[in-house]
Structures are given as C-alpha cells and as structure tokens.
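These notes are about the structure you will find just below.
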Amino acid sequence: MEEVLLEVRGVSLAFGGVRALTEVSFDVRSHEVRAIIGPNGAGKSSLLNVLNGVYHPQQGTIRFGAREFRDMDPHRAAALGIARTFQNIALFKGMTVLDNIMTGRNLKMRCNFLQQALWLGPARREELRHRRAAEEIIDFLEIQHIRRTPVGRLPYGLQKRVELGRALAAEPRLLLLDEPMAGMNLEEKRDMCRFVLDVNDQFGTAIVLIEHDMGVVMDISDRVVVLDYGRKIADDVPDQIKKSQAVIDAYLGVAH
Amino acid sequence: MGSYFTGFMQESSRSRGGGTLDTFPKLLMRHAQERGARPAIREKDLGIWQTWTWRQFADEVRALAAALSAEGFRRGEHLALIGDNRPRIYAGICAAQCLGGIPVPLYQDAVAGEMVFPIQSAEIAYALAEDQEQVDKLLEILPQCPSLRRIYYDDARGLRHYDQPQLMSCEKLLELGRGSATRNPGFVDEEIAKGRGSDTAAMFFTSGTTGVPKGVVLTHHALIDRSQVVAEMEKLGQDDVVLAFMPPAWIGQNIFSYAQPMVTGYCICCPESGETVVNDMREIAPTYYFAPPRVFEALLTQVSVRMEDAGALKRWLYKHFMGVAKRVGTRILEGRRINFLDRIKYGVGDLVVYGPLRNVLGMSKVRIAYTGGEAIGPDLFSFYRSLGINLKQLYGSTETSVFVCVQPDGQAKSDTVGPAVPGVELKFTPERELLIRSPGLFKEYYKNPDATREAKDAEGWFRTGDAGYVDHDGHLRIIDRAKDVGKLADGTLFAPKYLENKLKFFPYIKEAVVFGAGRDRVCAFVNIDMDAVSNWAEKRNLAYSGYTDLAQHDAVYALVGDCIAQANADLAREPELAGSQIHRFLILHKELDADDGELTRTRKVRRRFLAEKYGTLVDGLYSNQETVHVEAQVRYEDGRTGVYSADLKIRDAKSFTPAAAKSAA
Amino acid sequence: MLYREAGQFKSSYAEDQQIFPIRQDRIGIALLLVVAFAVVPLVGNQYWLGALITPFLIFALAALGLNILTGYAGQLSLGTAAFMAVGAFMAYNFVLRMPWLGVIPSFILAGLCAAAVGIVFGLPSLRIKGFYLAVATLACQFFVLWALQKFGWFTNYSSSGVVTAQRIEIFGYAFVTPAQKYLLTLVIVAVMALAAKNLMRSETGRAFMAVRDMDVAASVIGIPMMKTKLLAFAISSFYCGVAGALHAFCYLGTVEPEAYSLDLSFRILFMVIIGGAGSILGSFLGAAFITLFPIFLNLASGWLHVVTGIEISHATLSNLELIIFGGLIIFFLIVEPAGLARLWQITKEKLRLWPFPH
Amino acid sequence: MQLAFFIEVLAGGLLAGVMYALVALGFVLIYKASGVFNFAQGAMVFFAALTYVSLAERGWNLWLALVVTLVVMIVLGVATERIVLRPLVNQPQITLFMATIGLTFVLEGLSQLIWGSQPHGLELGIPDVPMEWLSQKWNINISQFDLFAAFVAGVLVAVLGVFFQKTRIGRALRAVADDHQAALAVGIPLQHIWAIVWAVAGFVALVAGLMWGVRNGVQFALTFVALKALPVLLIGGFESIPGAILGGLIIGATEKLAEVYVGPMVGGGIESWFAYVVALLFLLVRPEGLFGEKHIDRV
C-alpha cells in the first residue's frame, strides 16, 4: 500500500448560487493513475481547478504530502509539484513547441533577468541545461520533427501532446489531465495512453485524469472516482465501478 | 583537396605497412591514436549532433569487448546486431571483432519470423538490440531459438518491467566491461593483436530473391582490401562525411558506414529518425553518398512534385534552367569544353536553381555519389549529374564485398556500371553469365558447402548469376539475372529485368513484372507510382478513393499504355531485344509489398512467387479477354485488412516493327 | 536562394541557441554593424545624421521598449511618451544636480526613474486587462506631463518650462557633432537591443509571452503574474526612459514637456504595429518606416511641384500626412497584422527553401 | 454661503458629467455592438461639429445643415464599417482598436483638410449664462445651457433606450452585444448591424459635438473631449449605457470638486488627469466596473 500523496476532504465549491461541488472527499496515492469520471457538468473540471488553485472552494481542505491547505493558489500548487493540462488546450499559441516546454520549467530556473539580459555565464549555462531537459521530453513524446514549429500551427492531437510535454517539463509529483484524449482518433488515443502510462511508470508520477472514454479509463486507471451533480457517488477500482448501480444510473440519467 | 590527398597518403602508406593493420579493430585503434580528437560518429539525438570522437568510440568498443568476454563471448562466436544506424550497433560490431567473434547484423525492419533462420543456423547466443521493438521480436522467437542466451538493449525505454533473465541494458554491460577492463587492462588489446586478416570479419545474410537466406562469410582482408582500393581511387580521407540511413545489415550500407570509415577515418552520421532523414541530410551535407536508384528516384519525384506547387516564376526558372542543364550540365561536370554562352547560362542556372536545389537536397558538398544494386534510369541519372552532382554507378554484391566495378570520374554512363576496379578479373560463360575473381570475394556460405561450391569454383571464380557483357570502352553492362534471361516460344531473347527496368524508369510506373519465358509474347503487371500518378490525376481532377481505385482508371491505363509504347519503341531499336516488346499489360490492384513476400527486403520483385500468387492474372494476360477477376487480401492505410474483389482491366500496348521504331522515335 | 544552409549542423546546444543560428545571417548582421559604425558616420552629412538616423535609432529604442511591454508581454500601453519624458527630464536633472555622476550613469538612473514610474502605473494591470488597462495608462501620460509642467524643480524653474540638455562629456571626451552623438546613440541602442534579445530568448521573455498568450495557463505552470507584469512594465519603461534621455541629449537638445505628448505615444505605438509586435527587428523596421515616411512625403510633394507645378501648402501637407498615415495604419492592420518583421520572416523562409515553395 | 457654493460646484460638475456621458455614449454603443473600442469617437465629434458649423457659416439653414451633417455622419459610419471593420473581422480586439486610432488620424486630417483648421464659435440660441432666479434666490450660478445640454442628453438616452428596447434593429443590436451567433439568428447580417451602430454613433457624436462646440468653440481641441470620456468608461464599463451616464456624473462631480477644493493646493490644472486617477482608484476596488458582473475564467 503506497502512501497517500494528495487528500481532499469535504470540498464544496459554488459560483454565486450555483453549487459546483458538494462535500467531495477523495485521495490520490503516489504512483497511481486515478480517474475522475461523471456525466457532463458533474463538476470534474471544477475539481481539478480546485486541486491546482484556479478555483477556491468555500469549504474543505486539501492535503498535499505533509502539508494541509484551506485552498490552493496556482503558483503554490505548481511549486508543490502539481502540473496539469487543460480540457480545451491552453498552450502558448505564439511560441514554438520547444519554448512551450521550456516555459514549463520556469520554476526550476534561478537566474534573474539581469543575468539573462547580459547573457552571463550562469544564465547561459542554466538555459542550456534546461534545453537538454526539454529535449529529453521532446524525445520522450516523439515530437522531434515539430520542435521549432509554433504550436498554433499544429494539428489538435499534437497540441495535446505538446501540452502534456509542458506539464511534464515541471517534473511534477502529481499530474492532472483534463480529458487528455478528447477529440482524438483511435491511433492518437493509443499513443496518448502509452505516454500517460510511460510517464506514470518512468517517472513514478501520480496521475489524475478526467476522461469520457470508458474503455480508456478502465484500461489505464488504478482507481476511479465518479462524480454526479457535484457529489461523489462512487470511488473504487475499475471492475467494481463497472458493476456499481449508482454509476450506471448516473450515466443513464435516472432522476434524482 | 589537399586534405583528401594527405588522407589518401596515410591510407596508402598504411596499406603498404601491410600486415600490421589487417583487421578492423587494429584500424580503429590506429585512428584512436592518429586522429583521436576527430569525429568518428555523429548521431542526431536530443536535437543536436552528439559527436563521438575516434578515441571515445575506441574506448566504448574496448569496454564492450571486455564486457562481452566477461559475459562468456568467445573467439569464433556470433553476435547478432539488430537496429537502425546507431553508434552502439557499430561499436558492437567492432567489439565482437576485437574478440575474434563474428558480428551478424540483421535487418531491423524484418519481422520476427525472418530472424529465426540466421539465429538458428549460426546458433547465435548473444544479441545486441536497439530498443523495445527489437527486443520484443527476439523474445517472441526465443522458443525457436534456444541458443539465444543474452539480449543486450541500447534504449531502455519501456523495458523496465521486462524481467526475462536474458535481458541486460547496454549501460549495465558497459559498467561490467569497464570493471573487468580495470581488473585486467591489457586483455582486449591482446585479443585484438591475436586477430588476423584471414579471420572472418562479419557475416551478412542475403535476403535472397528465392529460397532460404544464405549467410555470406567475409574476411577482414576481403572487406579492408576492397574498401582500401576504392578509397585510394576516390581519394577518400578523414575529412569526408557519410550519412548512414540504410539498414546496417545491408552490406551496401555497412561497407560505407563501417568498413570504409575504418580504413580511411572519415566520419559517419546517423539521422535522428526516419521522418527527419531529409532534414538531417541537409544539416550534415555529406561529401560521399551511396543510395540505391529508388532513393534517387523518390528524391526526384519529390522535387518535381514540390516544383509543381511553386509559383509561375519559379516553375519557369526551373523548367528553363533544367533544360540548360540537360544540354550542357553533364559535359561541364566531366570538364569537357562547351561554348562560352552556355557556360554563362549554366553559371546563372547554378546560382538560381542548381545550387539551391543541391542545397535543399543536402547534396551541396557531395564529391562522390554512388548508386548501384539495380539499374538506374537514364533521365534519373542525368538529372543528378546535370545538377553538378558527381553521381556514378558501381557494381557488386555481398559476395564480392561490393566493389567489383566502379565508374571513374568523367566516365559515368547510365547503362553501364563501369570498368573493373583494380584487382578484379571478369569473364563470361557462353550463356553470358558473369564470373568474377577478386581479393574481395567471400570465404563461403555459412554451413552451406553445396551452395558455396555451386557459387565459387576451384580457381576462385564466383558465379554472379548476372548476365551481361563488356562494351567497347571496357565498361561492364548488365542485362539481367542469368537464370531469368530466357527465350520466348520462338526463341528470341527475353530479359525480364531489363524490360522491367525500362518500364520502371517512367516516373508513373513504380514496379513492373514481365512474363514471357517460353510464351509467344511478353506481357506485364504494373504498379503505378502513387505520388506521381495521384498528382497527375489531381491536375486532371480525376476523383479516386485510393490506390486500388486510381489504378483501375481508364485514363491511368492510357497513361501507362503510352509509357509502354515508348519503351517498346526503344526496344525495337535494339536488335537482339526487338522481339521482346510488351504486348499486353494490367495494373495490379495493390502495391507490391515486402511484407507480403512479393518483394525482397531490398525491394527486388520475386517474379516466380508472383507468377504463382497471381496465376489467374497471368492466364488472363495470355487469354484474349478484356478483364480478369481478382479476389485478394488487401491491407488498407489504417492497417485493417479486407478482401478486395474486382475485375482488373487488361489492355494491349502499341508495339513497333524495328523499322517503324525509327519513325516513332 | 541566398541561404545555403547545407552543412551547417549544430553539435552543441550553445551553437543551436545562438541568436543567429544561420551563418548567412551572422555575416549579414556583421556587415550591417560595420556599415553602421564605420561607413555611416563618414558619409552621413549633418542633416542625415542629426535629423534622420539618430532620431530613427532613438525611436527604435523607444519602440523596442513598448514592444517588450505590448508585443511580448501583451500589456497595451498608451503612455510611452510619458516614460520618455521622465527619462529626458530626470537625465537633465541628474546631470544638473550631480555632475560628478557622468552622463551614462545619469542616463541609467533616469531610465531607472522611468522604470519606477512604470511600475507604479503598471499596478492596475494586476486587476484590469485590455482596453481598461490601455485607458489606465493614459492616466500616466497626462499625470506625468502635468507634474513636469507644474513642479518647477523638474525644469530647474525655467520660466518657459523649456530646458536645454547639457553637453555630453564621457571621460573628458565631448560628443557635440551630429556624428559623435550618432555614434553614442548607436552604441547605447545596439547594446540595449542585444540585451533585449537575450532577455526575450530566456526565461523572462518566455514568461512574458506566456502571460500574453494565455495568462491562466501561465499562472498554473507557476509563473508569478504580479512579478512578471510589473517586470515587463519596469523593463519597458527603462528602455523608454533611456530613449527619452537620448531624445533630449542627442536629438532635440532643448526639450519641453509638450514634446512628449500623447501624439508621440501613438507614433511609437504605430512603430510597433507597423514594424511587428513581438519582434526586436520589428521595432527597428517600424521606427525606420515612420521616421522616414514624412521625409518621403515632403520629397514627393516636392517632385509633384516640379512635375505638375502644383504647390501644396504646409497646412495641407501636414493634414495629408495625417490622413495617409492613418490610412497606412489601417492598411497594414488589414494586409499584415504581424507587421514588416513578419514580411521579412516570410521572405527569408522562401529564400531558405528556394526553389521549393514550402 | 459655503454650502451654496458647494452645491453650485456640485451641480456644475454633474452637468459637466452629463456632457462627458454624451461622448461616452458613442463609445459604449459601438463597443456593445461590435466589441470595438472606437478611439476615433473624439475625432467623430470634432468632425461632426466642424461640418455643421462650416455649413452653417456658409449661410445654410440651420436645420438643413443639421440634416446634411447627420447624413454625412451616417455615410461616414457605413464607410468605416465597409473599409475598416469588415476586412478586420475576427481579428483580435486590440487590432481593431489600433485601426480606430488610424481612423482618428484620417478623420482629423480630413476634417481640417476640408474645412480648414481655424476655430469657430457655435451658437444654438441658448445663452450660456446663469439662470437669474437661481442665482438671485440662492446665489447659485448654473448655466442655462448646461441644463439644456443635460436635457438633450436625457432625451438622447431616452431615444436610444426606446431604439434598443422597441425596434427590431435595436433588439438585434442587443443580441449582437450578447453574442454574434445570436445576432445571425435575428436575421440581420452582422455587417448591417455594425454599419447601423456606427451611424448611430455618428449621430451621437453630432449631438455631443454641438453641445461641446457651444461650450468650448469648435476647434481641434474638441477631439480631446474623447479623452475626457475614457475615465467615464473605466467606471461605467464599456458595455453599459446606464454605466456611461452614472460614470459621467461621478467623474464630472468629483473632477469639479477636486478642481475647486484640491486644485489650488497643487497649483491647479489637475483636471487633465484627476478623472483618470479617480477611475483607477475605483477600478482597484471594483475591477468589473459599476455594472459589469464578475466573470469566472473557464479552464
């Protein structure tokens, strides 16, 4: 039994009157692949946004590693080692693939802007060191051929891959993937699954992913959380989830 | 030039030095001393050209060798190497040789099944695989190959959870090696010193157009001698650069990316990946280049296709100056005199077209470019030469350590393969089969004395199996495989390969298979070139849903028909071949594919195999029906397979009487 | 066509990351510098140096400053002239009140003052975006000019509010002739342009662009919004400040606050647009275009007079200039929103692939 | 006494604010409908006023001049949509904003090229003098014209209100404001809607031009009233007509008060920037503006 990396307790989130999340609690163990599923508008993305501090819940606590927080803020989350990708790609469109990935390493860079402006030894060396790290990610994701292409010009599937790369660049302990395979064709999905598993395996990164493709979810995740109308209705290993009546109802949309 | 010359001087002096440098490991160690800081291998990895100097390379080889022997690898044992062009693979080859072992490079794109025979026949116990893909294949065939004890892998990606006892990563192996090297330092060098030129250097399995593959055993002496002679002839030196992009298991790659660099000390470069070869070639700009005709053809097709999309001005410039080049380019390349105006024109052309073109093709610095293995089309050949690229033909095979004939500078012709290189003797049997005697000849076919005896007689003459003759200015001219040179029913000479090549020289035709031996006339299968024809179709906005559909278009049939008619016109002009013009043809519903056994790994057509597989089609050709029904498994782009069933059209082709040909031409 | 890159391969990241990875570019820039440093001062006459090339360089520097803020960090500012004003008048005051400082340090300090002002007026960018921010920067424009006019200290209590920049002396060497001033400007501009390039190709620059392209994502990967935005304002204003100092000392000589009106802010903004937002080169192209354009217009009217005998009054000409100017802006935005820099980039790509189209 | 003076100042400020609001309206209209921050609004005001005055001075009938000017402004609006906006559709807002700066230059140049650059006085028959009874009764001086202007502004807003609520086009405009897809559903092509909006903006510019023309005379400086209106937008928001009015009042009042009570301490002239500072402080407290509602970043 691996130790728990992230623990969410009784998180509730509302926008104005609208309740997005109600009393949600769940945990993520280090090195596991954790899936969050649920019908549209079940609050999956909101949950991720709470985890890395884009939204601030009204109630509940988030424990990451040894530290406990009322809520996160994006910068702190990043500093703690939480990286993520977005449902509708949020890459830096004007920048090349390489620059996007390099940007993912910003927290690891120490030199100040003066050193950079004067291109002093430390700044230069730091830049080159991180270039190598970025190249390793490019190699890992097999995107050498588009290294210098502005991401705006890339097809959707590749953009998703680059975004994963940007998240990996931060060498996160916890990786949040918001529908990493949405809108992909079979082949792209297969690749993406491979990459997600390789990441989990190679770097031991814990992964939380939202995904609609049940096949994928059941294949690659160790445990699954099911949300419906902002509440957790199930939390178990895939095989159990498949059987769970509550889940089936939720998906068939049985009246509440 | 100077540096080439000095390079050449060193080589020759060394070769006169004789015995001392008679094996590849010895050569390597010499380079490590003489030019230790110069690049031996570059590999595009992680975005830049990672460079291994000769010293680093030698150290790596030493460590690997030490490790292998620590692993129990002994003199005379075989080491299988499966992978793309990677420094580790070449280091592995040399490491095996250091210990007096025999490297056996296998095709990395072969399916697992094809690896069984070599491994079994040589009872191979050690294998060095590039990555997970290759490892998986080896594990798959493990049951059939109990001899295989150790599998080392270079790239650990995805392999961490493999727990087979046979597996070990190269890192680990190298540690092991460095460890044992420190324990007894002199060991590897002693082993190297034990090596003799007469030892076996490597074994290459010929894919063989028919039957089981044969393991061709080549000695250090054979490979080094041939590499040496040609290196001197072409003044190769340490400043030359080669891009290694063909399978290292093919001697046609291996001789240029292992044997010759070992002799001359030039640098070889390994591309980042399949998709990036073109780009990598441009970055590296090799000075010495070898590729089979199909590569040059693919390049040319790409050029023409891309020029189609260019703006009017560029298209005009291209058309106009390629015209000029066609007229005078080759003559200029051969340094013959041409009038001043043309020289000016060519100069301008070189500024706006040829130069840039060489640049985008990455051939700006090419000093010597070879092609061989198959015949090359005259247009294709002259295209590159007229651009100012010194493209020449060579003739040879695995059994001859490649170099048998090489065209000297200024004597390049598309229909010959040049005179014999020093040390080689040629003669012909009454049936026009070519026999060769050369220091580069192979020792034997591994564990196959019958085949060896059949191929090499007591006086050491090797039966090439090729039919041809030496023309008036001493250049060898190959018509076809001797066994394939047959006769039609009426006894006229029938040289299928020759005909097929004639057809393949048309940009629209990718593959052709002709039949006729013992029949009354010649007929042909044709594969259209998807790139060229689809482009052609788009311009006439022909609608089609894929290869199979496009192939059956009447317009396409007409197009191919014209090509064949032209070929016939040429044939009509060659007395002994006029009788073998092509009368009927059909376009196949699928592209011939090595994975289906229709082509060899080197993409030679397996005519007999095809004749059986598509028997009904052949009958159709020789019947007088207009269509023939076919039902076959086809593999679609997305990898699915399905059954294709349709009627293939059969068409007659215009043929000429020798007289009529004149007017047609 | 001109670019023959075959054989230019990179065997280290240092080579691969250099500013001009292509040899032909390195040669080109070297030639350019030689011309700029050696040829221009020799052949350029008073008018060309004093009234065209020097101001061109100065405006290029200001445009560069604005480009860092607007083009790279995506924060629109209409207060550029104000920052230049701060630079100009503070430089004047530093030289005036601390003569022992020396000119260059005074310029730097003046730039730092501008940076400080920039940070103050950049604060709103933490809460507001887009047009709101643009309008907010107007506050800076107006406030600064007002302050400069109201508080005599800045103009050393000169009754007219006009001040005359002191003569420039560095290590006892005086810069008085246009050629000398040109060289001084050139050195400063070259150095600062290089610094800007280095900055934009390293972490800071990427952070700026990240904020510009997708600020939420930027913060999620740990880029601190406040620091980044304020830094952008500070650096940008520093450049504008130094440009202002040069503007006063190497170009105008005598300056009054009115010289740094909203119009100037717009001129600089146009340089960025026409030159190309998010491009160092663009700043120079844009500046060149906009400084040379009125000259060209004058010449044109001159020819018109010669050819057709039609005399165009000065008032008319200045109005025509306005119209054509505005028209050009619109035209550029429509045909090439990415500006001259992009045009150059496209041409270059074509030359690299020649004879292939793509 | 002090109080009276205070009231006088306050009232004066509020009425001035109405004048600001008048200009701000032009911005809001266009921004609402086409998401364009039309920096050229000031130039349009100047252009309208100058055209009217020049016609009037050439002895035209005032009403005729008014109508002709209106037509000119409408033509201008339509032309702008054709020449500037349509080619730039789907470009980032910032680009469109830049374009309108270009447009500003064109208009400024054009108007002076046509009508010359010398200032004109403008007279609409309402004297810009204090109302006797007010000044006699409480000694509070409030200009008749200011009241008139306020009245006109009120009417204008009312008219616009009706236009937006009742007419089909008006509803279409509101639809566009919400989202462009919806607008298509209304069945009026986007281009037309934009053209109309620009025309209406032109009309508003004309009114504003006349009012301000009377106040400060018709001269190049008139273009700067736009700059006066911007702080109003900061407070009121780019998209809200009530916001524009209320913002105008706030700015007008605070500015006048500051001018009178704070100005002297710092040597006066603060009206050039004070409004902005007020607006900024306001925004720091309430970034979404007066009527704008907080929006959540969807990621």
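In this document, chain identifiers A, B, C and D correspond to the written order of the chains, with residue numbering beginning at 1 in each.
Everything below uses one rule, namely that contacts are C-beta pairs under 8 Å (C-beta built on N, C-alpha and C of every residue); 3 or more make two chains touch, one makes a residue touch a chain.
Note that this is a predicted model, so its numbers are computed, not measured.
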item: Chain whose mean Cα position lies farthest from chain B; value: D
item: Pair joined by more contacting C-beta pairs (B-C or C-D); value: C-D
item: Cα-centroid distance, chain B relative to chain C, in whole angstrom; value: 58
item: Whole-Å gap separating chain B and chain D, where each centre is the average of the chain's CA atoms; value: 78
item: Averaged-CA centre spacing for the pair chain D and chain A, given as whole angstrom; value: 48
item: Between chain D and chain C, distance of the C-alpha-averaged centres to the nearest whole Å; value: 33
item: Touching two or more other chains - residues of chain B; value: 47-48
item: Chain D, residues touching no fewer than two other chains; value: 297, 299
item: Residues of chain C touching at least two other chains; value: 13, 16, 216-217, 220
item: Of all residues in chain D, those that touch chain C in their complex; value: 37, 83-84, 87-88, 91, 93-95, 97-99, 101-110, 112-113, 116-117, 227, 230-231, 233-234, 238, 266-267, 269-270, 272-273, 276-277, 279-280, 283-284, 287, 289, 297, 299
item: Chain A residues within the chain B interface of the complex; value: 131-132, 135-136, 138-140, 144-145, 147, 187, 198, 201-202
item: Interfacial residue positions of chain C with respect to chain D in the complex; value: 76, 123-124, 127-128, 130-132, 134-136, 138-139, 142-143, 145-146, 149-150, 216-217, 220, 262, 266, 269-270, 273, 315-316, 319-323, 325-330, 333-334, 337
item: Chain C to chain A touching residues, read off their complex; value: 13-14, 16-17, 195-196, 198-199, 202-207, 209-210, 212-214, 216-224, 231, 235, 278
item: Partner chain A, residues of chain B touching it in the complex; value: 45-48, 157-158, 160-161, 272-273, 275-276, 279, 638
